[in-house]
Every structure is written in structure tokens, then in C-alpha cells.
């Protein structure tokens, strides 16, 4: 287990980290969802965890246990719920999971939390969970939470390199070039390159239908081909994403000075001076 | 009140419409949310309603009462919750509102429902509400629901005409050219052209922060300028969107033949033959 | 759209209204429910909205978007759920809708809210929603909410005029003389006088049965006849109700002096001086 | 403990009762709520229980454990929440309590359930709980539930005897003549006749205010005087109510013939023939 | 009704008790659950109530209305849900019932509450309800709640006397020697000694299966025989349990001095000095 | 990642496993909770996962992603919520998480599920989640779920070897000999033997107090000393537990014959023949 994972630390070590001011905690959020025949069901959880760990190394942060289950897969973004193995949560379950964990970290004195999301469908339920936790703590409690989708840190110049023939947009990137390259980089033994489907990009209508239409999605589960994925692209993107997120966090969450750190653990955040910039 | 609004019909007339096979019901979903100094708080509800009414005219459908309140505004898509007048629902409230209305329409024998969303932040909570209603009714009940964001029916050629200098993307279109033009078209007396802020497009970071950062958003509440909005652009887009949605619905929801219509109202959908194409 | 509807105002105008001390906000609550062959499904929403607008004109108040869906119709008060078009919410959905909207208005600095209910079955779920919002804000926050059913402002002398042969009680007034007369007054084009059923008052047992018994209710959906309804009666009642509610609100919600109004929007209500009388 | 209380029977005896066809189960619903200085906090629970037991004796039914806590007291019907001892449930808690118990009884093979309500504020939350249980079981499951407020079985001739000077209406009957007389009849040792307040009827406005206004209610907690209460009136009303409810139940819930009773306990109700009349 | 039951007191008397400092309120929690052919369905509710009343007599406390329904019976601890008469609540219903009652008592000024549980399956849902109420009130509000299972106060010396051949553990004590002896002591007329099954202790596997396996449990519903139960054992245990609980409460909840009692009822607990020891 | 973890398989491989009849899925459930200065916060999640993986190897099963967060720690079983790092879920969040995952696996055609719990406080919320999922699927759907606490498979002979001076009971085994020995066996690099506190067993009262009393627990967080833990004991217990659970599962979940396996994935379980023994 990665040494910055909260689950690998004793409470004594964790408390020391809090008191020393290294209290930024990252929460990776993934899913258990089909990712084609070449990537594992845990892809979103694995990638969000790997990204969070790499970021934590750069900012001396910590990583809370990964959310391994996510919101229901949709055909146009993840292939949909019809594939065996896609095991999803109801919206309210994910909302409350996020709310509880943020509330608990804040109760322990953590005021700087980063939610690293790797499953597109999670975004709004994570947002609501954070909003509810903030409301409970009070807007002026000093608690600050950043939520991000890691791929949004890919800038145009990187996308140009990864997609020399033009970036078709994030919409079809499920189990495609970006995710496959990152998996080759982080978890090469879990990728089956020989099984990558060679299909044209899927063409979706500008609406969603319920019950979901499995017919909309290629039988393989991928939305566009990952044939051009590579370890090099994975490394390039991983480093870029990691650096970008680390910089964003350090800008949004300035260091907390020792005098501000004099709070006793478990005092209510509002009794401590808050440090936040927008 | 528009004559295709359910609320303007007696139950007897409504029943006749169901029995005649004109049973596609559209549900407009909006919000009460700041839209700059030049547009009213009800913009999203007004536009989704106008679009739904125009579509209903083309497909001989009906329009259920509008959802006038929506999910919490976010700075990067709607300016955020800090503006007076922005009056929002918790995620679970919106989920259950959507679930209840879909369930009730299905109970009455409606099997073809269109959810016309005009507030970006609503999308995933509406989706979950629909998913929950479908699960209750059973996947094989014959109930079919389409959810759409109306702006997704703007094709590239239309966008090229509306944005001759290049379309900057939907991300900053809150209270900007598209919404303002459509409001001039549908509700000219509610638009104050002289109050349109002349500001450059807002530059947002690739993440969200909570508590929300009001400083990210221009004090006017708009994310980019609506100066180039016009009635002509509104008309062009309104007609295009209406035609597009009507065509999509007619393709996804084929006519139900009289023999299929022989069900008695309030029989369970699964006891009737279902008509659906993906 | 009525100029006092929140949805027709920009946030800037709304903010000015708040700062000028005209901050009483009325929330009309209705339903989508059968009202016989002569009245539209939206009757309760239409009437509560019209009453709220008329009151707002007298007290210089504002009107929030109408709750267009209400709690499940019951046979003895609304004919029950068996009529096509009656589209209802679960109790908890309505509770949370009410709670959210009150909480949000209070967050914006509104401390005087009137809930104008036009659907009998809503009453207790609206009450619980208000109670929950008050609990969240704190009993001493200064927030004050009035909930009323508009027909309770009909005094005996008015009822004597409307029912010269004796008032049979509110119990059977669903789609009957009071509602029909008010609809003729406010929305004459939505009333079909020629379709008013001529039936004797329905005789109900002193209990309720579940599943609901459609057999208890006349096939037309009305509980007693509206034959004696008229525009004059509608006008008489509308003016009386409006004046009565306006007076009640002005007594319960005294003007907030400018010095009290010096709060910054979005300060917590408890940080402001409260004005309330019982 | 009364011998018809479910809690006093072994499961074997209870099963025999179900199999013999004496399966009507009554659920008394009360509250823990101030009832003036002369009646105990448990009055609503005590009276609904006593009524249910008396009815059960007449119809050979059974009585489930009483709901001892009810929905929040309101000033105009119960004096409100400000009196020490008034200990109330949130609306959703009461809804789910009712839903669970009805669902459980139905699971055991009970298809005829009577909910005997003695606390006015409970009515709509009990209704919703029953509606939710019915929906879970399916409308065609054969399950039938009657909900009643016991005072609604007082006919005009009885009221004329109890109130020789004219019945002022049920609205102010909290801890007044009806409840006090019934308590003298059923639980004389819990009534303190010498402490009955001698006050005129309370005059309430035609609306509710939140936070509740304790000032609206006489400091004693009663809404009108119980001075004219007596054991004779209690006996008269108790017998009339009991007979009326018993007759109503026997009409609504016809005997289930032995052949219909051949179901095995725990078969789903829909697999058994249902007996119901409206 | 026992004179220390809250339900038998008027609010005036209850208020006096609070002001005099006798404000420890006990909440008995039971179930409606099969207890073999010899004990009634209400056994857990009856015993927890009797114990609470006996304790209240010793500490001059009060007893709130009993929770007569509990969480779902499990085969290994209560025989399971398959026996007619076992009528149970969903987990969240019980959680919210407990939360509401604790919150309400605290709102009235009660800061010392004892939850006397007599149904094993209730334990964790009661715990969560208490945790939620405490969180709402604030950790520093002075509210203190003790939750106990009454049988945990049986010390080894007592068990040695009750089980001269060796105590087999609490696991199989459902409807067995302890409960039967206590019922003979407290409610002899509800016990059918001649119907006590004579069976060996049930042998359960070290896991649970769902759907529950009725085959695991003896058809009588008991898990081990109550043949050796007696009134003497019941008296011995009842007195020991009562004394033990009373002593524990008096140690954990020290007397509140008159000066501390000077709070006005309905002030928030945090505004009063708190008295608590761990 | 262990090759039997669902998250490491592609959906194609997972589907093959389902179709081949190796469809027993184990769900490890842990917590993020202090475990003294010598064990990591993730101990319960790590051990339940290791046990599940070892069992899966023996029965050719699969392991779903671990529940890394659990219910609130209690002083008497886990030291309580006061230790930094203990990050817990509300009861209802855990209930719904369990319900969702069981429902989703069943939807995919899995009918044999094992829940391997490693955090004592989880037990009843997991149980309720399973009960709710079973109720949704229907008792006769063929879905079968086993829930177990792994330590319950330690038989007396093993305990005699691990505790030569007598087994003091599971109550104080938090972060003590059993957990520490198993961690040395499974994750030696995460154990700090030199930091094991040398304290006598904690003496707890026979009740719980809320707010929790941190003073009840030794400042180290352990309830009794792990000094006598060893790799040998860990290996002995791990093998015994694994073998025991594997045998129990194979007895309770008999092989599903090929003909029974002819169901198409995503057919409702009730349409397939069920295999279950009690």
C-alpha cells in the first residue's frame, strides 16, 4: 500500500501529519464499470487513486481510501448499465458517502480536502455531497474542498501531442486513448493491448433515453478506439496532470502557519483561523 | 395559458388526448437563478417551457407543469449561489420530484415522456429521478423517457451563424448570446437590452472550490457578454431547436397504433404492448 | 408574466426590492388534479397564484414560482387519484420542496414569507417543510413564515351571500361553487360553464379506505355542483380573500425599519434584528 | 393488558386467530402531548387505544401496539410544541412507522387493517404511510386499510346531547368536553376534575405562523373549557363511537370465507382471493 | 398506568418534575416478536418497561412511552421474521424514532436520558439514533444519553445461581430461562408454563443467511428451553438488574444542583451548565 | 491487485466467470479506524480483504471492491470516534451502500454473495442493507447472501492455542492479539511491533454513554495488549478462518448446474431456478 494512503498510517502518525501542517487530504473517486475488453472494471478507481497518490507526493499530502463504486454508467459516457460487472450506486447513496467522509475529515481538523474524480458520472453527486457537508459545518468554518475531474488538467498542447490528428473531445474518451495510455503507464499488467477494439468513434444522438439503450454502444463497450494509446502518451499525460493538480492545490490551499495550527484537534473549524483564497 | 399545457385542460379532455394516442408529455425543467442584470430569474424555466410548447405544437403533444426550481447554481455554469434570487433545491429533492412526476404520468397510461431541461445543473438529478421511476415500473413496462438539454440540438452550422467569430463553447453561455437571443425571441418584454454587461469571457480554473467562490464570477453574474444577441438569432435557434427535438422525439417514440391503445387507463404498463426503438 | 413574480425580475431588481424593505415573498402552492369536466387540472395552482399576486399588489410583496404539483388527491376532498391527469407528489417530496425554498429565501435575507395554499391535501406536508426549515435556521433567527389556506379567509357574511340557501361546509367544495366562481373571476377562458355537472352533494362515510375507492366519487369528479357559481360571486370572494390576507400579513409581519435593513444580504438571519409579532 | 392486544398473545395464538378468520387488526395512534392541567400527556394514545379495544371486542378483532408518539402539536389544534412534555415525531418518521407496520401485518396475511387515530395532527402522515404500504404491496394485493379519526363518528344527535347549548365545532375540542368526558369514562383515575380551566373558547386567526406562537394559546394549554364534561357524556359518546366504528368496519371488511382462508400464511396477498367493498 | 410514566402525568406535573431536578427520563425499547408458545409477542416491550419502571422508582425518574416495535428479528437471536406476529421496523425508521424522541426531550430541558433496551436486534439502530440526536444538539450541549441492554447487568454470581449447570451464554436466551423467569416475576398471567417447549439448545452456524432460514429455528420459536425458569429466578434477576441500572445511572448522571437548574425550560442546552461524568 | 478482485478483471472476463458457474462474489467490509499506534487505520479493510481473497482462492470465487469506510467506532469495541483518523459513515449511508451493491450484483446474475465483515460496528447496518436488497428482489428470486464476521470462525481449539492463558473474549480484541497476529501474517510491513502498548485489559461498564467518553479508553486506542501476537498465531488463525469460511460457503451455496446456468445474464433472478439450502 502506498505510504501516503491514510489506511497505511497509524492514528498516531496521522495525527502528527495533521499537526505538522501537512493536512491536505485527497479522496480518489472511481467506479466499478466496464472499460472494454482491454481494461479492467476498476479502471476509474485505479486511475483516480494513482493520480491522487502522485499529487500527494508532490504536495506532501495524504490520500483517503478510494471510493471504489460510483454512480450509474450512462451509455454516452461509459457504455451504460447493461454490461456485466458495472456495479453502481444510487445517486443519494453516493451523495451521502461523500458528505459523511468530508464531514468526518473536517471533524478531525482537516480543512483542505481535494476530491479527485475519475468517473464522469460521479461529478454532480460528489458536488452535492460536498455542498451538504459544507452547509453542516457552516460557510465560515474554514473548511475548503476542491473537486476536480483529472482530465480537465490536460491542456491543449498536451492534447495536440496525444491526438496528432486532432482531439475529438472528451465525450468519447471512455476506455479510449487517454484512459488506456494512463493505465499502461500506471498499471501495465492490467492492460490487454491485444484486445483493444478497432472501431470508429460512436455517433450518439443529442439526448438520452431511459431505459438505457444498449444498442447505442458497440458490443465491446468502448466508445472510440484506444489503438493509438501508448506508454509514452500515458507518461506525458500523467506527469502533466499531476503537476497541474499539485499547482492548483497549492495555489488554492495556501500553507497554514504554525500559529494557525495551534488548534487542538477536534475543536470546531470555526474556532480556528481559516486560510483560503478563491 | 398555452392550450397544450396539461394544467389548462380538464381531466376529461386530457383523457381523450391519451385515448386518441397523443400521449407524449413533455416536462420543462428550469430554475430560479440569476441571469445577469438583463434577464429575469426565471429564464431557464421560461425557455424550457417555450421550447416544450413549440415542440408540443409540432408533435401534437402535451406539456406538464414546469419545474420552476432547479439544482444549486455553480459558479462556472450559472454564477453560483451567492446572487440574491438564486433559489435552489437540494439534489435529493429534485431527484424525488422528477421520480414522482414520471411515476404518476406512467400510472395514468403515459408511456412516452420527454424531459426538456433548460438548467445545466439539473441534468444528473433529473437522470437519477428518471432511473428511479423506471426501476419502480420495471424495465419491461413499456415506459420510455427522453431527457435532453435543448441547446444540444444546436448544430454546427447554426452555431456558425450565431457566432460568426467562432463559437467559444457552451461553458460560458450562461445569460449570454444563446439564452439572451432566445429570450428576445420568446419573451422580449422581459429582456433589458440596455443592461447587457460588456465583459470579456470569464476565465475559470479547471476545478471547483467549495464553499463556492463568488470572486470567480463577474459582479453582474454573466459569464460572457450577450452584446451580440438578437431577435433574429433567437428565431433562428428557436426554430432549429424545436424542429430538431420534434424530429428526435418522433423517431424515438413511434406512433402507438389503435390496437395498442386498447389498454384501459390505469392498467399497469407491462400489461400493454410496448413500442420503443433505440 | 405578472410583474411581481420573482421569475420576471432580474436579480438586480430583486436585490433592490429586498434592500428597500419590500421583502415579503409569497409562495403559491397548488396541484395538478382533476377538477371536474368544467375546470382545468391546474385549478389549485392557478387560484393560489392569482390570490398571491393580488395580495402582493396590496402589500407590495413578491411572488415566488408556484408549486404546481401537490400531495395525493383524496376521494373525500379532491376526488382521489383515480382520475387521469391527477399527478401528485409523495409526502416527503413535497416536504423537502417546501423546506428547500423557505431555507433558500431565508439565506437571501428574506424573513417574512407567506405560503398561500390552494390544495387542501398539501396542508400538513407544507407545515412540516416549514417546521424543518425553521429548525435549520434556528427558532431565534428572525425568520417568520405564515401558512394559510385562502378559503379560510371567507367570513360568514360572505359565505351567506355566496350560499343564500346555506353554506354546506368546505368539505365538498372541490370543483364546486367557490373554486368555480373564483376561476370565472380570474381565468374565465379556462372554465366551461356548460359542462358543470348537476349533481347532489356527495355523501361520504366518516372514514377513509385504502386503496382509495373511486366508487365513492361521482364519475365527473366533482363532489357537489357548481351550478350556482358566477362571476359576481367570484369577484366578491376574490376581493374579500385578498383584502383579508393582505391585512393579516401586514399585522403579522410589521414593516422592517431602514436601520434593521442595514444587514448585508447573506448575513445569517440571527445576526439581524428580528421583527415579529404573534 | 387487554386480552385482545397483540402484545399479550403468543405467536401460536395469534396464528390461530389469523387462520380462524378473525384477522382484522386495529392500530391505535396517539401522541405524547399536553392536554391541559387536568388530563395526562398520554391522552390521545389512551383514548385511541380504549376505543380500539372496545371496537375489537365487538368485531372479535385484535389490537396492535399503540403508536404512543405523534406528529408535532400545532397551536390551533393541540396547543403547540411549546409545552413541556409534548414530545413529537418528524413527519417522515411517522410516515415510515405507519408504512412499516402495515407492510408487516400484510406480510403475515392480514388483509383488513383499521387505523384508529386519536391525534388530529397525525392524520396526513398516517395517510401517506398507508399509501406507501399499499403501493409496495400492489393495488390488487387484496390489502385494505381503513383510517379514521374516532370523533368523526359522533353524529349530530349525540353532539346535541353533549353540547346542549350548541356544538362549537371540533376545532377547539383539544382537552375539552369530548376528550375529558371520554377520559372520565375510560380512565377516571387519570383525570383531575378540579384542575379543569374555566376559560372562554380561544379565538384563532385564519392562518398559522411559524415559529409557532405560544401566545396564541391559553397558558393552561386548553383551547376551550371542559367544565361541562361528565362521565355520562363520556359513556354516551364512547358507546356511540364504538358501535359506529364497529359497524363501519364490518361493512367495509366483509367476512373472509374459509375457502378464501386456505392461503398459507406468508403467501403474497395477491395470490389469495381478495374481499373488498367500497 | 404506572404513576412514573410520562403518559400518565399532566404537562404541569411533568414540568414540576423537571424543575425539581428529577429529570432523568428512561425510554424502554422492545419489539413485537414471537417468544415461543409460552410468552406473548410483547415480551421485549413488557420487560424493558417493567425494568424501566422499577429503576425509575429507585432514582425518582420518569418513563417515556415504550417503543413497542423494534428492528427485524434475526433467526440466531430472535427466531427470525418468519413467525406470524413478528412485526418489525426498517432500520432507518427505528433510527429516526430514537433520534426524534431524544431530540424532543432535550428540547424540553431534559439532559439525562436512559434508553433501556430489551430487544437485542435494536441495539445499533438505537445507537445511531442517539448519535444523530447528539450531533444535532452539539457535543457540548450538556445532553447525555445512556443506552443499555438490561441483561448486561446480570453479574456472574447471579448467572451462577440462575444457571446452576453453567450459563450457556446470552446468545440462545431468546424466550428462554432469563426472559421467562422475568415474565413470571413481572407478568405471571401472561406466561403459559405448560407450553414451554423442552428442546435442546439450538446449534447455529457462525454466519447469517439471507433470505433468513426458518429451518434453522425450532418450530416453536425458542432457541433453548425455559423449563428451568421460575418466579424466584425472576425476582432475583429483576432486583439485581434494577439495582445495577439504578446505581449506574446515578453514577453517570450526577444530581443537577438548584443553581444549574435555573435555566428556563426551552433554553438551548448549551446555554446551561452541563453535568456529566464519564 | 489480486487476480480474483473484480476490479482487476475486464467485463468480458467477468462475464465468462459468471457463465462458467464461478459466480460467488465476496464483499469485504472494513473501516478507517484507529487501531493503536502499531496497526494502520485501514486494518479492518485490509484484513477483511485478505480473508476474502484467501477464501476466493479456495472456492474459485471473486472479490468485489472493499468497503473501506464503516460505521462509527464505539469506545467499547473500537476505541470510539475521538481518535484522529477514525473516519466513519452514518448508519443509513452504510445501509444504502450495501443495498445498492447487492442489488447490482444480483441484477448481473450473481445469486451467491458473501459479505465478509471485519469491523464489528458494521454488522447490523450491513444486515439491514442485505434485507432491503432481498426485499426488492423478492424472497423467491433465488438470490442468497451470507454475512459473516470472520473471527466467528475461530473455534475453541484454535483460541486455546492463541490464548494459552485463556481467551478473554472477543470484546476487547480491538487492535489486540487476533488482529495484530493476522496483520503480521498478511501485511507484516504495516505493523510496528515495537509500538505495541503493554496495558492491562480495559474494564468497561455494562452500558454505553453518548456523547462517547474518550476517558474510557486507554490513550493508545487499544483495549487490551497485543504483546503476545505473532506471525505463527496469525498464520494459524488465517488458515483456520479461511478454511472454515470456504467450507461454510460451499455448504450453503451448492454448485449451480450447467442447465441452471442457461439463464441469460440480466434475466430477473426469479426466472431462473434457484439453488439454496439452509
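Brief remarks on what is shown
Every chain is named by a letter (A, B, C, D, E and F) in the order it is written, and numbering of its residues begins at 1.
We take it that contacts are C-beta pairs under 8 Å (C-beta built on N, C-alpha and C of every residue); 3 or more make two chains touch, one makes a residue touch a chain.
As the structure is a computational prediction, the values presented were derived from the model and not from experiment.
Contact tally for D-E versus C-D: the pair with more C-beta pairs in contact is D-E.
Checking A-B, E-F or D-E against A-F, more than half of the residue-numbered contact pairs recur only at D-E.
Judged by shared residue numbers over all numbers used at their interface, chain E and chain F contact each other through mostly the same positions, with over half in common.
Chain D has its Cα centroid 46 Å from the Cα centroid of chain B.
Residue positions 90, 92 of chain C each touch two or more of the other chains. If the chains shown are joined wherever they touch, the resulting network closes on itself as one ring, and no chain has more or fewer than two partners. Order of chains around the touching ring, counted from chain D in the direction of chain E, is D, E, F, A, B, C. Residue ranges on chain F touching chain E, taken from their complex, read 71-72, 74, 90-92, 95, 121, 123-125, 127-128, 130-132, 134, 139, 144-148, 152-153, 205-211, 213-216, 244, 248, 252, 278. Contacts from chain E toward chain D in the complex involve residues 1, 5-12, 14-15, 18, 32, 34-42, 45-46, 64-66, 68-69, 82-90, 92-93, 96-97, 99-101, 104-105, 108-109, 187, 190, 192, 195, 221, 265-266.
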